[in-house]
Amino acid sequence: MVKIVVIGQGLVATHFAVGLERLKMGSIKDYGVPLRDKLPIKYSELEIVGSYDVDDEKVGKSIYNIALKIFEKKAVPEKLREITVKRGIHLDSLKGLPFKAHGREEGRRLLDAINELVDEWRELRPDVFINVITTEPVEQIGSVDEIEERIREGKVSASQAYAYAVTKYCREARPAAFINAIPSPIANDPGFVELFKKSNCVVFGDDGATGATPLTADLLEHLAERNRRVIDIAQFNIGGNTDFLALDIPERNIMKKKTKSTIVEDILGYHVPTYIRPTGYLEPLGDKKFVAMIIEYYSFNGFKDEWYIVARINDSPALAGLLVDLVRLGKIAVDKGIYGTVYEINAFYMKNPGPKNAKAIAKTIAYRKLLERLGIIDERTM
Amino acid sequence: MVKIVVIGQGLVATHFAVGLERLKMGSIKDYGVPLRDKLPIKYSELEIVGSYDVDDEKVGKSIYNIALKIFEKKAVPEKLREITVKRGIHLDSLKGLPFKAHGREEGRRLLDAINELVDEWRELRPDVFINVITTEPVEQIGSVDEIEERIREGKVSASQAYAYAVTKYCREARPAAFINAIPSPIANDPGFVELFKKSNCVVFGDDGATGATPLTADLLEHLAERNRRVIDIAQFNIGGNTDFLALDIPERNIMKKKTKSTIVEDILGYHVPTYIRPTGYLEPLGDKKFVAMIIEYYSFNGFKDEWYIVARINDSPALAGLLVDLVRLGKIAVDKGIYGTVYEINAFYMKNPGPKNAKAIAKTIAYRKLLERLGIIDERTM
Amino acid sequence: MVKIVVIGQGLVATHFAVGLERLKMGSIKDYGVPLRDKLPIKYSELEIVGSYDVDDEKVGKSIYNIALKIFEKKAVPEKLREITVKRGIHLDSLKGLPFKAHGREEGRRLLDAINELVDEWRELRPDVFINVITTEPVEQIGSVDEIEERIREGKVSASQAYAYAVTKYCREARPAAFINAIPSPIANDPGFVELFKKSNCVVFGDDGATGATPLTADLLEHLAERNRRVIDIAQFNIGGNTDFLALDIPERNIMKKKTKSTIVEDILGYHVPTYIRPTGYLEPLGDKKFVAMIIEYYSFNGFKDEWYIVARINDSPALAGLLVDLVRLGKIAVDKGIYGTVYEINAFYMKNPGPKNAKAIAKTIAYRKLLERLGIIDERTM
Amino acid sequence: MVKIVVIGQGLVATHFAVGLERLKMGSIKDYGVPLRDKLPIKYSELEIVGSYDVDDEKVGKSIYNIALKIFEKKAVPEKLREITVKRGIHLDSLKGLPFKAHGREEGRRLLDAINELVDEWRELRPDVFINVITTEPVEQIGSVDEIEERIREGKVSASQAYAYAVTKYCREARPAAFINAIPSPIANDPGFVELFKKSNCVVFGDDGATGATPLTADLLEHLAERNRRVIDIAQFNIGGNTDFLALDIPERNIMKKKTKSTIVEDILGYHVPTYIRPTGYLEPLGDKKFVAMIIEYYSFNGFKDEWYIVARINDSPALAGLLVDLVRLGKIAVDKGIYGTVYEINAFYMKNPGPKNAKAIAKTIAYRKLLERLGIIDERTM
C-alpha cells in the first residue's frame, strides 16, 4: 500500500480523493493519468490516510461531506466517509480570502505544532504527502540553516512549515515523498532540496503543470522546431475557483507570473514580449476556467501568421490526475532510495521544475526524458 | 552548388524562388526553415536552374515576372529574371480549373515528351526536383511494371509522369532527388519507391506538412502524453489560393481527406470521430487561410474539456520554407548514395510520410528522429 | 386553451414538449422565450394535443418515453405520458437516413391519408400546428392550382402535404395557424400563402431563426451601421443531431444554403463573397453544435480588422423556445382573423421570412418591427 | 468650411488628419464613417486648422512629419505639412509615461495659459474642437462654480482645462463644439454640461465608442431580445499603443473600468458578473489590439450556450472614422443653436454617453434614435 496524506482539502484534493476511489472501484477510466498502468504500483494500492485544512468549515468533516458540495451524491464514494479533515497549519495562508481559518499553531510556537503533526504521522505512517493548499505569497529561503532559524521564529509560509515537518518525519520515522503541487518554491529552494536530501526524503515540485502553461510550452516547441520566429504571446486566464480568487490579490498573483515568465525564453532560446498571467476571477465560471491566447510569429519569406487559442479547462481534475502518477512516482523514488529531487519528474509534471535554475523544456521533450528515466516504453510512438 | 528544378510555378514555387534569393542576399532571416544553418549545405549553394508549368499565362515568362503579380516590385530579386518557365506535362492536371493550360505531351506520345524533358535536364544537370503542381486526383499504381505500362499508354497523372521522368534521368544521367510536396502518392506508392531505388534516385513525400495538420498532430500528442481521451475533432480550412479552388472539386478534395484521415488514429492509438478536411474556397482570403478547430477530450474524474483553435496561416510560404531544407536533404541523401525514400525525413516534413503503411507519428517525435538520423544536436532542448 | 399539434417528434419537438410542461410547472425559467409574459396568452394555456412522426421507433410511444432517451428521468414531466405519437405522412422525407420509417400514405392515395388526418384533427380541435420534421429536399410549387394537382398526384414533400392538410382542416373545420420551422418553402411559396389566406388560415415561416444565422445578421447590421466594408465571411457549422446528418446528404444541404445566401446581401446592401453553410456531421457533438466564423472588414483609412467567432449552441432548445412564442402568436393571429402570413413575425423568428422576395433585415430591426406590430413596449430600451 | 482644432496629436488625431485628407483627395473610400454622405456637410468642407500636444518630440513639427512615423510616405498627404503642432496644456496628463512632456501652463497661472489659447483660437476661428489626448486619471467636478474655482487654482486635468478654454472661447468669440473622445467625464459632468450650455457651446462625449464595447452592447441586445439569460461575461483587451501603456498605470485603468461597468446592466436589465477591462500592454501588437471574450447564457429548457469572440481591431482608425461624423454633427448642432449636449449623438458614438446618469442602450438602438433625431433615412433597413 501507498499511504497518502493530503494537505489542503480544496477542489484539487477532493477531485483526487473522489477520482482515486472511483478509479479503484472501476467506475471511471483512468483518463488524465499520464502513466496509467505503466507504473509498477496499481491504483488499488493507493490509500489516503490523512487530510489537513485550516478552513473552519472543513476541519472535522469527512472528505465525503466536503465532496458532496461539489459532486452529485451518487458520484461520491462511501469510502471517503472514513477520512476526517484535521486542522493544519495556517500561518495566514488564507489571509484576505473570505474564509474563517485557524491553524493549530495559533497561540503557541510553530515548532510545537510541527512536532504534533509529526507525531500524528508517526501513527499514520504516510509514504507520500501532497501539498495542494491555496496559492500563498512566499519567497524562497535558500539554505538549511536559514530554514531552521525561520521555523524556530515562525517566519515561514504554511507550505514551508509543512515541507519542514515532512523532512522531520523522514528523519525521525521513515523516508517519504513530498509533492509540492503549488507555486511556493520548495523544489526550487536549494535549502529545502538539501534538507530533503539530508532527511532521506524526496520532493517533487513546484506547481503542477496543468492548464494553458504546458500547452503553451508544447506550442512553442512546435514553432521552434520549424524555426518560426515568435513575435509576441498574450495569454489570459480567468476562473471562478478559490485559486483564481487568491490570485486576484496582487502579491499572490506575482507567484504565478514568476512561474510562467521564463518558460518562453527557455524553450525558444530568445526573448519574446509576452503577457502571460492569471488575469482575473469570475465566479460563475467555477472550476472550468476560460483561457484565451494569441501567438504571432514570422514564417518564411517575412510573412506573419497568427494563432488564437481558446480553451475551457477543468482546473482541479487536471491536477488531480497528475497526482495519481506523482504519488506513485514518489513511493517508487523512496523505495529506490532516491532523495532530494528528480528533475526528469519535475520537468514533465511541474510548471516550475526544480531544482532551482533548471531550464524549462517543452513538456513533450520532458515526457521522453521521463519515460527514459523510468525505463518505460510508449508503444504509440515507436 | 545544388541545382534545383521546380515543377509547377504556382504560389509555393514563387515563394520558394523569391524567398531563397532573398535569403542568399541576406534581406530576410531564415525563419520558417526548420534546420537553418545546421545542415552542411549553405543557402548560397542553392540555385534554381529550371521551372516548368502548363498554364499558358506562365509558360515563357520569367519567374521574376510571375512574382510581380504577388509581391511588390522591391521584394522581387532581379536574379529571378534569369529563369524562364518552360512548358511541362499537363495530362489534364488543371482540368476543371479556370486556367488555359497545355502540356508538351499534347499531340504525341507521353514517352516522347518525357524523353524530351530528360534531354533538357541532361543539359541543366539538376540535383533536386521539387513537385509543387496543383493537387490532382490520382490513385497509387503499385508496381514498377505497371508504372512502365501506364507510362507507355499515357495513363498516369502529371506527377506520376514527372516522377517517372526523374527516375529516367537518374538512370541515364546522374542520381537526383525528387521532393513530392503534393498529395499524389509517390513516396507512398511501393512501385515508385522501388523504381526510385533501382534508378539511384531518392524521393521524399508525400504532401508537405504545413498548416493545421502538423499542429493537430502535436496537439494530439500533447493529449496522448497525459492520457486524456479525445472525444471528437473537427477542423475546418478555408482559403483563397488555387489549391483551395482545386479542392472545391470533389475528386481532388478526396486526396486531402485520405492524407489526413489516419493520422489521428495513428497518434492516439484508438479511433476518434473526426471531421477534418479542406472545407472550401473563399477568394478574398487569398493565401492566408483561416483554420478553425475544436478538440474535446475527457480529463480526470470524467470531466470534459474543450479546446478551440483558430489560425491564420500563410499557406505557401510555410511550404516554401520546408523546401529550403528538403532540397538540401535531397542533395545530402544523393551524395551519400541513399536511394528509395527516407522515412525519418518524410515523417517530419510530410503529411503522408512514405513508404506506404508507415505509421503517422507526432511531428515533435518525428523531429527528434530526424535530428538523430542526421546527427544534429538541438542545443535548445539539451 | 391553445391546442397544439406537433409534426415530427424529434429533438426540437421533444424539447418543446418537455420545456413547455416544465414552464407550466414552474420548474424552469422562461429563458429563451423572446416575448415571455408580454403576450396575452399565458404558458398555462398552451397544451399539446397531438404528435405525428414516421419513425417506427417513435410511432405508438408516448412523448414521455421518447423524452427519456434525451433527458434524465427527473427532468421529464409525467404529463407527457398522455400524448402518444401517431403515424404521420412520410413521402420519403427520411430517405437516405438511418431510420426505419413508414408513412400512413403508403399503399393508398395521398389524399386519403390527408383526409384521415383532417378527420383526426376535427376531433382534436387544434389551434396551432408546428412543423419540425427533418430538413427535406423540396422546391416551391408556386400556385394554388398546381398545389392541388400535385397533392392529387402525390408529388409533394411531407411538409407540403401537412401544410395542405392544415388548410383543408381550416376550410372544413376551423381557422388555425401553421408554424413552418424548417427550410421547406411554405411561407415563401406564393401558392401556399394564397391557399392559407383563402382557407382562413395563417402560416409563419420558413426555417426557425436559431444558431449562427440570426447572430450573423445582427453582426452585419453592427458593421453596416458604422459603414465598415465587409470583405468576406466564412461560417462553419457542425453538429451531431439528425438535422446535421440529413444535411450531409447534398440535396438537403442545398436547402440551408439557399436560406442563408441572400441574407448577407440584403442586410449590407452590396455583394460580399461568403462561405456559409452547414458543414458537416460529427456525432459526439450531439445537439450542441460548434460554430466557427470569420468576418473581415475595412475600417477607416483603409485598415483591415478581423473578427473570429466561435460558439457552442444547443440547437433544439433554441428553436423550442421560439416555438413557445410562435404558437401564441399563431393563436392571436387566428383570433384576430389575420390570415395568409405575417411578415413582421416571420422577419424576427425565421431565417427565410415569407412572403417570397421579402427582404432579409437584421434581427434587431425585425424585433423592433415585431414589437411595434404587436403594440408591445420593451421598457429595457426606452 | 468647418474649421477643426485637434487636441492631442497622437495616433487617433494622426489617423484622422491623414484619413480626412485622403478622403478629400478621393484616394480612400469613406469606410468607417457611419453617416457617410448622409449629412449636409461634405468631407471637402472639413479643415484642420490647429493641433496641440505636450510631447516635446511633437511640438513644433508638422502633422506631416508626425504621420511619417506611422505611415509610408506615399500614404501621407502633402497638405499636412501646413499644420504645425503647438504646445498645449499638460497638467501632468502624461505623468508616468515614457515621454518628455511640457505644458504651456508651466511657470505661470493656468488661467493665463488658457487665455493665451483662447486668443490663438480667436485668430484661427475653429468651429469644432476634438479632444483625443491620452487617457488621464480624473474625476468629475460637478458644478460651474467649482469648475471656475478649480481652474483658478490650477487643480484640473488637461481635458478639463481644454474644455473650460473652449467654453471661454465660445463666450468671448463664437459658438463651437467640443468632441470629448476620451474617458474623462465632460459630457458626464453636470457642471461642464451647464457651462457649455451657458456659453453657447455644445459638447459630445465621453469616450468614443470603438473596439469591443459597442460590439458587446449589441451582442447583449441580441441575447436580451431572445430573453436568453446571460450568466457571465469576460472580456480581455490587449494592445501596444500609448493608450494601453497608459492603462497599465492602475489609476488610469480605473477610468475605463468605470466607463464599461454599468453598460451590461443597463442593457440587460439585471446584474451579471463580469470581468471587462483593458487588460494589458504588449508592444508588438501595436495599434491592432487583440480582444478575447466569453459570453455564457441560459437558453430554453435550462441549457447553457457559450460564445467565444476573438477580434483584431485597429484601434485608432476606428475612432478617427467616428470623428469624421462627430465634427460635422458638432457644426450642425452649433449652426442650429443646439447647446449643452445631445444624448442621441452621444448614445451612438460614445461609450459613456452624457449627460450623467443617461442610461446605456444598445448601439443598434442608439443608431435608430440618432437617425430619427437627424431626420435621416437608412434605405437598407426599410
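All chains are identified by letter, namely A, B, C and D, in their written order; residue positions are counted from 1 within each chain.
The rule is short, and it goes like this: contacts are C-beta pairs under 8 Å (C-beta built on N, C-alpha and C of every residue); 3 or more make two chains touch, one makes a residue touch a chain.
Note that the structure is predicted; figures quoted are calculated from it, not measured.
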Touching chain B and also chain C, the following chains: none
Copies chain A and chain D touch via same or different residues, half shared test: same
Maximum centroid distance from chain A, chain identifier (CA atoms): C
Geometric centre distance via CA averages, chain D-chain C, whole Å: 44
Centre distance in Å when chain B and chain D are each reduced to the mean of their C-alpha atoms: 51
Centroid spacing, where centroids are CA-atom means, of chain A and chain D in whole angstrom: 47
Shared-contact residues (touching 2 or more other chains) in chain A: 306, 308, 310, 312
Pairwise touch network: line, ring, star, complete, or other: ring
Contact pairs between chains, per stated definition: A-B, A-D, B-C, C-D
Contact set on chain B toward chain A in their complex: 15, 18-19, 22, 28-36, 214-215, 218-219, 221-222, 224-229, 267-269, 288, 297-314, 317-318, 320-322, 324, 361-365, 367-368, 379-381
Chain B partner contacts - residues on chain C that touch it in the complex: 231-232, 234, 236, 238, 273-275, 279-285, 290, 292, 294, 296, 306, 308, 310, 312
